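What follows is a structure written as structure tokens; I'll ask about it next.
Letters are used for the chains, namely A, B, C, D, E and F, taken in the order the chains are written, and counting of residues starts over at 1 for each.
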Amino acid sequence: MNSIQTRGWTTRMQAAGLPLSCALALLGVSTGALAQAPDAAAPAFDSGNVAWMLTSTLLVLLMVVPGLALFYGGMVRAKNVLSVLVQVLVVFSVVILLWVAYGYSAAFTGGNAFFGSFTDKAFLRGITPDSDADGLPELLFVVFQSTFAGITAALVVGAFAERIKFCAVLLFTVLWVTFAYLPMVHMVWSGEDGFLAHKGVIDFAGGTVVHINAGIAGLVGAYFVGKRLGYGREAIKPHSVPFTFIGASLLWVGWFGFNAGSALAADASAALAMINTMVATAAGVVAWSLVEAISKGRPSALGAASGAVAGLVGVTPAAGSVGPIGALAIGLAAGAVCVWGVNGLKRLLRADDTADVFGVHAVGGIVGAILTGVFSDASLGGTGLDVSIGAQVWAQTFSVLFTIAWCAVVTTLAILLTRAVVGLRVSEEDERQGLDIVSHGESAYEK
Amino acid sequence: MKLITAVIRPFKLDEVREALGEAGVTGLTVTEVKGFGRQKGHTELYRGAEYVVDFLPKLKIECAVTDEAYEAALEAITAAAATGKVGDGKIFVVALEQVLRIRTGEIGADAL
Amino acid sequence: MNSIQTRGWTTRMQAAGLPLSCALALLGVSTGALAQAPDAAAPAFDSGNVAWMLTSTLLVLLMVVPGLALFYGGMVRAKNVLSVLVQVLVVFSVVILLWVAYGYSAAFTGGNAFFGSFTDKAFLRGITPDSDADGLPELLFVVFQSTFAGITAALVVGAFAERIKFCAVLLFTVLWVTFAYLPMVHMVWSGEDGFLAHKGVIDFAGGTVVHINAGIAGLVGAYFVGKRLGYGREAIKPHSVPFTFIGASLLWVGWFGFNAGSALAADASAALAMINTMVATAAGVVAWSLVEAISKGRPSALGAASGAVAGLVGVTPAAGSVGPIGALAIGLAAGAVCVWGVNGLKRLLRADDTADVFGVHAVGGIVGAILTGVFSDASLGGTGLDVSIGAQVWAQTFSVLFTIAWCAVVTTLAILLTRAVVGLRVSEEDERQGLDIVSHGESAYEK
Amino acid sequence: MNSIQTRGWTTRMQAAGLPLSCALALLGVSTGALAQAPDAAAPAFDSGNVAWMLTSTLLVLLMVVPGLALFYGGMVRAKNVLSVLVQVLVVFSVVILLWVAYGYSAAFTGGNAFFGSFTDKAFLRGITPDSDADGLPELLFVVFQSTFAGITAALVVGAFAERIKFCAVLLFTVLWVTFAYLPMVHMVWSGEDGFLAHKGVIDFAGGTVVHINAGIAGLVGAYFVGKRLGYGREAIKPHSVPFTFIGASLLWVGWFGFNAGSALAADASAALAMINTMVATAAGVVAWSLVEAISKGRPSALGAASGAVAGLVGVTPAAGSVGPIGALAIGLAAGAVCVWGVNGLKRLLRADDTADVFGVHAVGGIVGAILTGVFSDASLGGTGLDVSIGAQVWAQTFSVLFTIAWCAVVTTLAILLTRAVVGLRVSEEDERQGLDIVSHGESAYEK
Amino acid sequence: MKLITAVIRPFKLDEVREALGEAGVTGLTVTEVKGFGRQKGHTELYRGAEYVVDFLPKLKIECAVTDEAYEAALEAITAAAATGKVGDGKIFVVALEQVLRIRTGEIGADAL
Amino acid sequence: MKLITAVIRPFKLDEVREALGEAGVTGLTVTEVKGFGRQKGHTELYRGAEYVVDFLPKLKIECAVTDEAYEAALEAITAAAATGKVGDGKIFVVALEQVLRIRTGEIGADAL
């Protein structure tokens, strides 16, 4: 029933061309899409599913601010904590706007196996409150997914914290989201024709799309941005482990929106994702603590918090298809392997990845992605595979490798372009003084 | 007059203050400091990064005393602050040329 | 079916008179309203809607504690942080009790165009778990709305933080809620006969009722309480910008309960409010940061956090009736204008509004209220207006002006009365020492 | 339809014996329970109820981390804050795993009046995503209840913070949960045949099971562990009252999941629990502040925060059966009595219960448990009692006494065993240095 | 040369710095300290536990001056820091044997 | 004996400590301070309020040395702490009348 108006809008769009219409849209002019009141013969959405997806959406926001911001912010020195908070908040906000502008369209409309259309649903045109996306209001699906885009981009900034220019972060983010995140979503989640969906990958809530993707970007970014001054010589300690702890806790709490929300309904599948997420995280905490206790003699708070995140990352692709005992195994594995990710492997890689985005998110993501192929099998307590465990593990491994390759290439190009246009690092003196004062004109704490 | 500066273990503050009070010292100024010396530090570990922490938390007490009170003050601090283990701290004494009480403008021993 | 008991209760009420019944009620005596078990022939409430409203209620609580408390608490000096936290918590709690005692009744029962009845539903009499308020359990509606009353009162305290007496805050709160907040709710939300509802104002979640109202109270209060010692001479900096950041983040997260909860259902309207709130906030962050970057050279963390709140305030009245692009425009406008609210305008007004309650909540609220009249129009992507844009803008403007006038008068009287009864400010020496020790006998931090 | 696989699993279990199957289960081998996809002829769960229970589950997690962790962590000295955070997080995680392993089974399967079966549903065997527990997915019920077990164990650690060995905490936790928490759940919540359920106790969300239980364990534990060095002589102040405030706030927010979630549905009962929890907590804040203002002259932030928790504890058993005015009375009573619990009573008891687990949780729990027997009566606004007020108060009192006795005995044995096996306290020198460095190799803050 | 150490009320810092500037002193070093003296403290109460806090927040200012500037500096501090109430603080003076500017290696009065 | 007090840039601490160690100084006490001098500060902006921050974070190192070690210590600090830019800091030297080790009661050079 909105068709006439919508069509009129479409016509104006085509006449005016995208740039003009963008400008108009930003000025609030000429967007007639929602003209009908939502209750005029509105389709009946299931209120329980809507309730859960509303909740899930804000839970993912909670993961980013204050969750992730604090998780990272606590790990840096007091002179840089605000720079991390600003970066996370502004990156997230920019990506939300980008998502509305063309991100949703490019990720979730038809197109080819790698990209959707950048214009079909640009500025959400044609979407009204009554628009239905698989039984949910499409606007709700749009906003739920927008938070995924936002958190993935925000995850990356942990890797080059404490020395990067703020404008470099923003330019890089726009490039990276456009060419690494959007196509990954399209390939995995946009439907059967997506490149990796077609290969049969299981990625319930974003093991490849979100975590491996962000982790690889972090590693590549950390290489190009270079090590922090004094890295490996001076003591560069977290300025507030309690903040990191709060952040990890809120990541856990919010992650239920991420994982159980990915069921897109309040049903048995969401319940399964819920318990899996709880169990895997607890297992991640226990595993990391145990490995630390055995290898270093003392389990640490930063370790226990990191173990929670490792468990969460690990269970993300698996949450909807493994059983609780499978989740337990994945949590234990992710927790244990990530200790190595931030120790032995990190020393090997010789990159200064400030918040170990690679060591936790990429490593935990890879462990989870591959074990998803194992524990989803019915014989191991999962909801069942369409193919053999071997075949599924191969599909998972292929997706991991493909994600690594795609993301590494895009990140490299994006960061080289960023370096060329605005430069990557602040001056040595500015780095000593701290980004809070230099880039943002503030001090975090005052006595 | 002398200015006594003592570096002590933090948890000894109350005892030292009381001992000084009994020795007739009525004012003192305390600063949180980090001390480096013979006392061994500890290691801290944050994910992969291990740091040896050599600077240990200490308190620095400064008190200005008259020449007469000086010996008693020194003994008071020593007695109250000692545990017998490495890291008990040190006392430094310098000559004080002048003391002035800001409120009244009094100078010398009267200002103490 | 509860009628006999309820009637008996009513009779006793009338016989005993309000004061006695209050006392009795507090002692738990003579309140027979809930006598029936809720499942005895209970009406079937839609579980999805109930789920979302339960969630929304706790989200608004999250906005207040710890959200708003931290947002404000981080902005004051370390010697006053606890006083802010206590004020927010106790003010909120007192208002909850006041709401149960007579607030809900005065706001939401019949009465005239300005006030409901102070006694009809005093102490929630007659309301049982089965009572239905437009399809929701009335008790749920009562508790949801109680949090709105609580947060509005708590918003005000940011304006005179760091020098006001604690008892003054409490006395002022009771007066102000009774004579400024309750009538505003009644005028706007209690039904067609409310004074401003009748004028056709659109205020989905509380632009006038909550934000302009609180902002004006803050400004007037700040004038009467006077400037902080050393204001304009000494450096009076936020003692913990990270706390303010956490607070702003939790305001954002909780605001979904505020805005999407105002749909009173988990439906398409809530979904619309959800995406609008997300987009406007992101736009507020970006706009404030951009204006700061351009005008001061450095976008700040406090600014980005303030931008989020400005965007949230701006979109509050509009959340249910504009489209996402309208929300984007409102967020950008609110974010940009509020930078001026806390800079140029603030200098002009010469009041020491500690946490810029006026500069953000009143200014952002006015921008939002007026633009709601614009972007709700179908031609601009909204759900449609009953009148022309011009007429709607006038209705919005009238409501704004009326709110300002009503609130300014009530606040002045309330604060003069408070000054007469208990005095407003602590002594100069106490102010220097800090309210934490002086008024609450504590220090916030110990090393 | 899962019967064959499940039976096969059972057979293997019996053949292999529990230890081996545990090991296998941990390795993810041989757990075929979830083999069917959840949507294959799945029962239709009410999406609204599921949505609310998903939300409630994560709310209880929010109570623990970061809520309780911060509430306690703020109260200790800066040198011990991480030890509290780690203890809370790891204790919670261990209990989640224990719950999956045998806790759920021992609590909620048949068995006798005191214990369920430790093996029937060990490792959740036989439970699939489609399993129904009173209209909810059983997995959702399992995970919701797991958080109750986790928080109860975590509550206890506040009592012996700042001097206990980390391994002692863990060993004690496992023993205590197994022999104090699991049977209490079974006795009260597993059905009509549970020992205390049979006596007619009303304990909606865990007054006896959770709070009195944890409070008594804390008191007994504090006696055995002994006082902190310098207790009563040196100033041992909270290092961050704002953290404690944030913690209390998140406890309040999360407690809605605890209390309203205990309705196990999004219905009128949940709505009643919601408003009761809101009102009682506000009353607790006001009562504690008032008593402090009158008796000490200054209401404090730590007091207001403690009052909130006292009100929450008090209303926990009552939330589903009293009316809002009854909740108000309980909140006032709990708030006021707990001031005495942490003052006069504490001095009397001469135990160094670091975070007043006894003074708030046991004392508030007892007040609440007994008043529940009063205000649940229809004549006082409750949903009605099956017996006279006197009889119900006796049932409540009996439950309280029984809980105290059972818990005291189990705690004593558990702590003596722990002392014998790993010892309870760190050395004097280590206690001086602080547990953060000594037990976890970290410092919380760095400037 | 003299080393002047003044313990003052925290909110007086800016005034003292300006006064010193006018007296020709161009550099100083400030430390947060806790002072114990005649000025009365306050009590704090955390649940059941009451503590008397005797150590009050003060700032310690250290500045090295030439013998000529010495008198003026003393007067400047005294004038700027005084409120007339107990707790205004004290000034201590010791003789300075040597001063060195790290950047240039200059010594003595040149280094100030 | 001399008491050397050096105000340095915070990030130079480790280098200075090592240099002092090589010069035979085995103990020192460090305090976080704020310094005011020729080095320019920066501005901070909180919403509408702009502040010029003149006090910059520095570390103050105190070490007591024997008269023999004195010169070497001074050189060690100067060499290790210098960057050549304004703000490197200063060294102040006063005569030490007495030193006492609390643990043992040793006095004089033995106590160092």
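List of remarks:
To be clear about the criterion, a residue touches a chain if its C-beta (ideal position, glycine included) is under 8 Å from a C-beta of that chain, and two chains touch if they have at least 3 such contacts.
From a predicted model like this one, the values you see are computed outputs, not experimental measurements.
Chains that touch both chain C and chain E: D, F. Homomeric contact chain B/chain F: same residue numbering on both sides for under half of the interface positions. Centre-to-centre separation of chain E and chain F, using mean CA positions: 18 Å.
In terms of their C-alpha centroids, the spacing between chain A and chain B amounts to 53 Å. Centre-to-centre, using mean CA coordinates, chain B is 46 Å away from chain D. Counting only residues that touch two or more partner chains, chain B has 31-32, 44-46, 53, 94-95.
Chain contacts: chain C has residues 46-49, 51-52, 55, 237-238, 266, 296, 298, 300, 302, 441-443, 447 touching two or more partner chains.
In this structure, the chains touch in the following pairs: A-B, A-C, A-D, A-F, B-D, B-E, B-F, C-D, C-E, C-F, D-E, E-F. Chain E meets chain C in the complex at residues 11, 14, 42-46, 53. Residues of chain A that touch chain F in their complex: 230, 233-234, 432-433, 437, 441-443.
Within the complex formed with chain B, the residues of chain A that make contact are 235-238, 296, 298, 300, 302-303, 306, 342-343, 346-347, 356, 359. Of all the residues in chain B, the ones that touch chain E in their complex are 3, 17, 26-31, 64, 94-103, 105, 111. Of all residues in chain C, only 46-49, 51-52, 55, 59, 77-78, 237-242, 245-246, 248-250, 252-253, 256, 260, 265-272, 274-275, 278-279, 281-283, 285-286, 289, 296-302, 304-305, 308, 322-326, 328-329, 332, 371, 374-375, 378-384 touch chain A in the complex they form.
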